[in-house]
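You will see two complexes here that share chain A, one where it goes with chain B and one where it goes with chain C.
== the complex of A and B ==
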């Protein structure tokens, strides 16, 4: 029983971090119909940047969020202006192929700079745990989840309160109408892409404490993120959060009760089942356009 | 593009590939350089992969990023069979000669594709791409974890070739060569058959293809099988060639992307493009791998630089050469040649009377009693909105029935329910004495329902003639292999184009037509189905008055020959002059049905649709 509770709590803590990471991907998809396959590589890039700062200056990796997030915002903006901007309106598969190319480039760059070996940020509290009754919770995981929830809350406020947030929601609901009322969709798309990549920055810093990583780990991350947004319903932010929590729990359960080897299968299995059984996911909407166009 | 313009380009591609293939064939006789042999072998493999991918993704438009799954399946089939199942003593020696199992690899890959194809191709666009990636990884993980069968991570070592040493890798070389020839020949054959044209139609507009009688599930499944079998066979040969396989290298996502890049380079949807692309990409890959360390200071050309290099090429190709090398050159040539020529767009058109089709006339004569179409309490919701809310509608034989109503009243949705583009939530639809609401859209086309769209939906990259020939009145396995555009059908199509007055545009690409011309071609297209019922969605919307008059005349002529009509239209003078009865829809319900005079007088109709002004105008006109 204790083990079960421990596993579920651990899954939820991971799920919190996954939620932050998936929110960026689903936000980008909702606004511009682009699946950013490079999101996984950008997470690893953020993790490497965090790790480098921590090992050079001793800056706490979780505080690294404050530096890495704005840096990733700029990188996201640059990537959008240089590449993604030009494929708006092309068939959906184009965005997958393009961003896959970007992922390969980023993977190669990371391999050159940091080599293809396992890294992990290990601050002093790394192997310390909180103990509640019989349940042990690693401090890194607890802090990481707390920060992720904080960043998500900020993101939520941005989307609800600011002009940018309203513009993002307007464009994602109906691009041409948004244009008619004076919202410039390409500015909004650029900012959305940058915000989406910035969330990968924040999440990547946290992830550098949670898991060891190397440049090729991005496949594992993108599989998780795709699993989450497919499960939650592509383009739905609440869906991404629910999907992340479910996937976090499913992954830890598989790890503990079946075997770690099969845990990597969980996201892919989720994708297969959801897309075949309920393609709109848990909270996605089935629109008229999906049925016939 | 006219046929005359298309041929030289096609010849250029064929010529280039022909020269390439002859060079490959005789190369071992000229040189025994093993290094170049290796490059050619790997290029042949990539070319086989690329032309397989091209069938499902280039012709049918379903982009797969997991095509290497079939290479892995083929490789593991051959490896497992030769080592474990028919191991020692079956064919003598320690293990059976892997070549025996290559055909089985092809069959297994084909069966696998046939089994998963129909399941994953129920999704489109993003979802399909993600599913193909997911299947690749799932298969990799299964092979990795099912160690009893596959040895998992440790991989499988295959026996070394038993032929004389001096033959080297030549048997592999020529077997790959043969597989590529078969693969390209199959692509070429597919492209010129009804099957191939159906795949292109699916790529251009899948729902429309189904509406004109293309059996889309069978087409897609066959395309997926066709794209998998030769890759499966190549996988078996590749396993033997490498003499060691492991899950990570056999089910490699990066190689899948490499295949996509090869086709994008050469030209998606063309027959020769994938081959040319592969023979550009793989040599570059090998030469940079082996020589760049000498060229780049510091010798840093490693796996990382490769990732950066090919990632960049992929990004650049998607951004700058989205259609590939061959089609881009084709575009330039075409622009040059057509530069000074006046187009026929906007030319005055003339039409000819149509020969009465025997089937339609006969059947009209001996038709059973009862309405041709009957919709009974049909319901359709989108989320919380009830777009169609209990509609009852019947179209009597030989009538021209109008369906009118304000925007958003559910007219087009009702059309979509009748032709099967959307499934019905509740209710029944009967056509010609048969219940049809549970059968596939293409079967409804076979029964005799033809439908046009409000915004015309032609297959834009096919010629006008091909568009008109595309519809099918029945499904037969044999017909799949028939020529795409052939004798009597082409004649009939030309005749229909004459009837609508578009015969002079027969060889133009449909995407070049104006909106009104598109409507005429779409009418000719569905006439090819010899429909008993034609449903027109705003035939007069957005076209000029002369054309409206022509449209009206054609509808009357077809109706005289026995075809029934159901017409959605906002042009009231046209509706009231042409149609009887008129059915009025508002908020997803039928609010009135009757003769034009009755409908005009109905207060509910005036309130919901026509408005008080309409009545006043009419009275003013009468008095």
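== the complex of A and C ==
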């Protein structure tokens, strides 16, 4: 019984971290129809920046979030202005190719600056756990989940309360009508992209504590994140959270009760099953193709 | 129109970025192009005539970028030392090194290109069993001697190849022989009762764990956990909690590289379970990268097997160390030493035969003779598998020490049992 509870706890904690990493990806898709394959590389970039600050100044990676997130916002804005805005309105597949190219460029730049060696922030708590009876909770993951809750709350407030949020929702609902009421879709898209990339800043900071990383580590993240947002419904923030938690639990349950050998297959199996059974995902809106019918 | 102007303005910037990405990870003195990288030397010594061209493809980018780069450095140091002392058969040596991006398909393309287009005179191997398995098949078909620095999977040597030679001391199933013997020989009371085995689904990692399991079971140690995981596994928390629940005395991990080994240690530490003896394949040999990633206090007492140690009293090692330190300003990692040793093996065969024209004569000589390398003396059976034994190493006080065999030991104690993790 303890083992079962421990497995679920491990899965939920893992899922919380996944939710943090997936939120920006789903936000960018929901508003812009852009599948940002470079999100994984941007997370690793944020991890490197966090690590560099931690190793140079001893700044705790959790505080590093406060520095790295605004920096990633600016980087996101720059990337949008330099590249993504040229393909706005083109089919999403165009964005896959563009952002994959971006991911490779970011990987190359990271390799040049930090070399292709393994890095990790190791503050004192990196391998410690909180204990409740026989159950343990890895501190890094608990903090990661707390940051996830914070980031998701801020995103919720931005989307529901601010002018930007209303504009984002307006653009995502109907771009031409939004333009009629004075919303400039390209400004909104630039800010959305920047906010989405900023979440990679928060995610990358905590990821730098949890798992060691190299420039090429982004591949292992992007596959999971795509699985999560397909499961949750592409573009749906609550869907991404539910999808992340489900995937986290599915992964740990598979590792313990079936075999570790099958665990890395879980995200891919999820994508396949969801696409066959419920293409819009758990909480996604109807597919555009359905609406057109 | 304005758009087009902008695009044109942006093009050089993008181009520069892409070019920069092409030579990522290269911060040493050798200039690098994108794909093939021909490093001619400025001679020295008395080497003259047409250079002897030696081709290799290495994983300079991708998953094995780290060891691939180390192997490249080993090859280059060897080339410079040979050229400084008069060349090979009096001719200068030139290495043609391609980047296979850690890709099994690309490595095949690369070796075909080295043989057919670049028409190199000799070949050296790539890094890892995963890449050497397909690459060695290309060399075998072309009937060219293929000495590889890292790739001890049994799958390398069960194909009846004649031109393949592995330039380390033993194959994967025998990597941990000294560890298994030592554990099995512990006095009653200290001898472990149970063990857990966790191995990457990797042609090298899995046989290492299987080899230990076989030998420890024969010594009466009960197996309480034995699982295989995909090498790309990142999250080991559930695996560690499962292992911890079995409370094994020994944990042996057949890790595929650095990351999977590091992630298991951190997960075990978070789970608060420390075994009495812990063995990992290859991971602990990554020196500072390993101790930085798991925390240096967590390294204490962890066993692993190595082919090379900087203080090894082997012939030629002081000269290699001097040249390597002068060029790269650091101690050579094991993978660089293995690359150097592979090149030494090829050199010995060429010098003994006295010609590079007859590859069959080179392989016949290697099958019949042994070669002195910086890893010690190496000899091969008819499959190209080496017949010696690895050194057993252990992390002690933040340093890597050789503990067995006694004649090669750099420390006279063995830390046993392993102290608890820092986070536990």
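The rule we apply is simple: the second predicted complex is superposed on the first by the 280 of 293 C-alpha atoms of A that agree within 3 Å, B and C clash if a C-alpha of one lies under 4 Å from a C-alpha of the other, contacts with A are read in each partner's own complex, and residues count from 1 in each chain.
Heads up, the rule we're going with is that a residue touches a chain if its C-beta (ideal position, glycine included) is under 8 Å from a C-beta of that chain, and two chains touch if they have at least 3 such contacts.
What you are looking at is a predicted structure, and each value in this text was computed from that prediction instead of being measured.
Once the complexes are laid over each other on chain A, chain B and chain C cannot both fit and instead clash.
In the superposed model, A:88 lies in contact with neither chain B nor chain C. In the superposed model, A:14 lies in contact with chain C only, and not with chain B. Of the two partner chains placed by the overlay, chain B and chain C both lie in contact with A:264. By the touch criterion stated above, A:226 is placed in contact with chain B alone, chain C being left untouched.
Of the two partner chains placed around the shared chain by superposition, chain B and chain C are both touched by A:108.
Look at A:138: by the touch rule set out above, it reaches chain C but stays clear of chain B. Once the complexes are superposed on chain A, the part of chain B occupying the same space as chain C corresponds, among 4-12, 292-300 or 400-408, to 292-300. Shared contact residues of chain A, touching chain B in one structure and chain C in the other: 86, 104-105, 107-109, 111-112, 116, 215, 261, 264-265. Residues of chain A touching chain C in their complex: 3, 6-7, 10-11, 13-14, 82, 86, 104-105, 107-112, 115-120, 122, 125-129, 131, 136, 138-139, 141, 211-212, 214-216, 220, 251-253, 255-256, 259-261, 263-265.
Those residues of chain B that touch chain A in the shared complex are 61, 63, 65, 119-120, 122-123, 125-131, 133-135, 137-138, 141, 144-145, 207, 253-254, 257, 260, 264, 300, 303-315, 318-319, 322, 382-383, 387, 416, 421-422.
Chain A makes touch with chain B in their complex at residues 33, 35, 83, 86-87, 90-94, 96-98, 100-109, 111-112, 116, 215, 219, 223, 226, 230, 234, 261-262, 264-265, 268-269, 271-272, 275-276, 279, 285-288, 291-293. Residues 3, 7, 10, 14, 17-18, 20-27, 61-63, 65-66, 69, 198, 201, 227-230, 232-235, 237-239, 241-242, 245, 258-259, 262-263, 265-266, 269-272, 286, 289, 292-295, 298, 421-423 of chain C are the ones touching chain A in the complex.
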